[in-house]
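The structure follows.
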């Protein structure tokens, strides 16, 4: 297993946000995590990604314990992520954004001071810009891109250091339908061609059912379903959690 | 790009030719401007790039000045004492920065303020080493390849050379992967960390490199005035250096050149006010902060933008 | 043993005065989002206002003090807020840091140029003399200063915790947006904070100046000690400022007597560094969740 999450619990001043969640992610999967608002998705994500320290439970990446590791260490260990809110470096150009995303993952810091300005990552940046159709915008400041393009750049940045696993936090938020479909297709294509594993948190059911290979459903801090998208769609508990909640 | 290169060349020509028409006091002011610009440029890295408020730059200038003044007569000579002065400022920057950067923003301002006070305390109290309040006098101006820089004009050209070298190094640093990391942690530290950028390490480095620039400036400040004492390195100077950065526009490459010119010359213009000079100065600073907090570079950029749109 | 007790009392007295300045400083930051680097000079100015009322106005000490408090409320409370803090609120912390340092410089230089650069004797409104306690001679003044400052500090603490207005101020400090939604008059609370700070520094001036004499640079080390007290105690807690103030005062007095008088200001700095390394949120501060 690439990622194993076991028994995660997190409580905020009396409220049990996550109540013992366990699941695992196999190499090459696209796993969707869905759940109604307040089901503990974001808290779970933050516990996995080192933003919050879980009260109990373990996170293992290829068998080694990475629970509570600082975000910068997780990134170095090969876990990439995007945020719910857009997070690109607005004043840097698209190319600079990508170079920065990749540069800390190779060589030493002192070596980077003396290295060529692109750290030998120019080719990789071109490739990602090509894949995400950002090529013509290479030298434009990231802040000048459209919202959808910034979302693609955000995703490309997470992929820049060749991570083994990328966690996407609500990638569909605020994106129009056409762009959403394009993003989903690019995601699936990248997964098929490069084998990168993805975990996607989303409350857009359509996006999850269309683009993932397995779905975990959370409600009230617990997992209530885990299976193929089609099976989850017909699951009575899931329907109840969404409609009866 | 062409225009910028032309502007830099023209500016350089002015700086080379200007002192030929000035008396020695004017040349002294120009030299002071060049050294202030170096110190402000370093602080600009800390403040403008790494986003940290430091009130200790004067302390690092002091460390550079005293280290060079103490080591040069020990048979090392100025040119061996110089890298040591810069190195000591860098190392002290790392040591001070380490605890200081555990806290952010306004807290850092206090910690650095406290550090500046501590440095002054040591300079005043350790008479055996620093000469106490009287300081160290008779600091010699160095020779370059056998040429003396004793005169006002040769020493000015030396200061200009130091400014040129420091600017080139800064330009190169900002274009390097480190510069990109600095820009990233200022723009969005949360995202930078998630991409594996060690925000703390880079902030610390920015702080220490900024301190080293302070040390470099100080090493030449001693020979410029030919003595050092604790007085010019107090909080007022740290404020003045911070002011140079902010007036020029924090984070802007050419900002410190402009800011240092204004803050270095201001006392000369306010000289008519005599004893009331500092009152007037403080008042001006407050008005400036209220009216154009983004600095003069910000105002110039806005004007340029308006002109471009108009044409 | 005698000396120890005397130092203890003296330390508590200075510490309680630091605490007053530190509490005002913390309140300003929390409730009004204003960082005041001129806080030390804010303590120095009322001392000279009072001297002014006495020598130029020919007033007795107590009426002079009453007028001083009034002037402080107007100048250091209202005018400071309207003329400097409000316009700077729109900008970042850096501009506020620079502007308030400049304000401190302005106050210092004004007093130096317009009044005197020499230390001025200051009237003692409090009982001078000594107190015999079981063979130990203690300074009566230190005891009274401590009681007065600590009393005011505790009074403020009670005001913040128990009264409706005090709790509203705390609510504004914690979350301005929420406070506004639940119907608290936020601008009024912010103004009140500036006034409370002006009152605190006036009392601090009255208590501290007879010991240190009135001099234009009185605020330099006092301001620094107040900052340190605020951070050591915990920047998001007025209670912390109280504890931090007492701690810094004790450290200041004991280290000056037993370790080195020349470096008396250095020991509180050392304490600051230790606290930052071991407990960056301060002794009583709440830790914030990790950001990066």
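Structure notes:
Order of writing sets the labels: A, B and C. Residues in every chain begin at 1.
Following the convention adopted for this analysis, a residue touches a chain if its C-beta (ideal position, glycine included) is under 8 Å from a C-beta of that chain, and two chains touch if they have at least 3 such contacts.
Here the structure is a predicted model, which is why all the values come from computation and not from measurement.
A summary of chain positions shows that the Cα centroid lying nearest the centre of all protein Cα atoms is that of chain B.
Of all chains, A has its CA centroid at the greatest distance from the CA centroid of subunit C. Looking at A-B alongside B-C, one finds more C-beta pairs in contact between the chains of B-C.
If you average the CA atoms of subunit A and of subunit C, the two centres end up 49 Å from each other. Subunit A and subunit B have CA centres that are 43 Å apart. Centre-to-centre spacing of subunit B and subunit C amounts to 32 Å, using the average Cα coordinate of each chain. Shown for subunit B are the residues that touch two or more other chains, namely 190, 192-193, 199. Touching of two or more other chains is recorded for residues 292 of subunit C.
Within subunit A, the positions touching two or more other chains are listed as 70-72. For subunit B in complex with subunit A, the residues that touch the partner chain are 173, 175-178, 180-181, 183-184, 187-188, 190-199, 201. Partner subunit C is touched in their complex by these residues of subunit B: 47, 53, 55, 99-100, 102-103, 105-107, 109-111, 113-115, 117-118, 121, 125, 189-190, 192-193, 199, 235-236, 239, 242-243, 246, 250, 275-276, 278-279, 281-283, 285-286, 289-290, 293. The residues of subunit C lying in touch with subunit B in their complex are 29, 35, 37, 84, 87-88, 91-99, 101-103, 105-106, 109-110, 113, 221, 224, 227-228, 231, 235, 262-263, 265-266, 269, 272-273, 276-277, 280, 291-292.
Subunit A makes touch with subunit B in their complex at residues 49, 70-72, 75-76, 80-81, 83, 87-92, 96, 99-101, 103-105, 109, 112-115, 117, 119, 157-158, 160-161.
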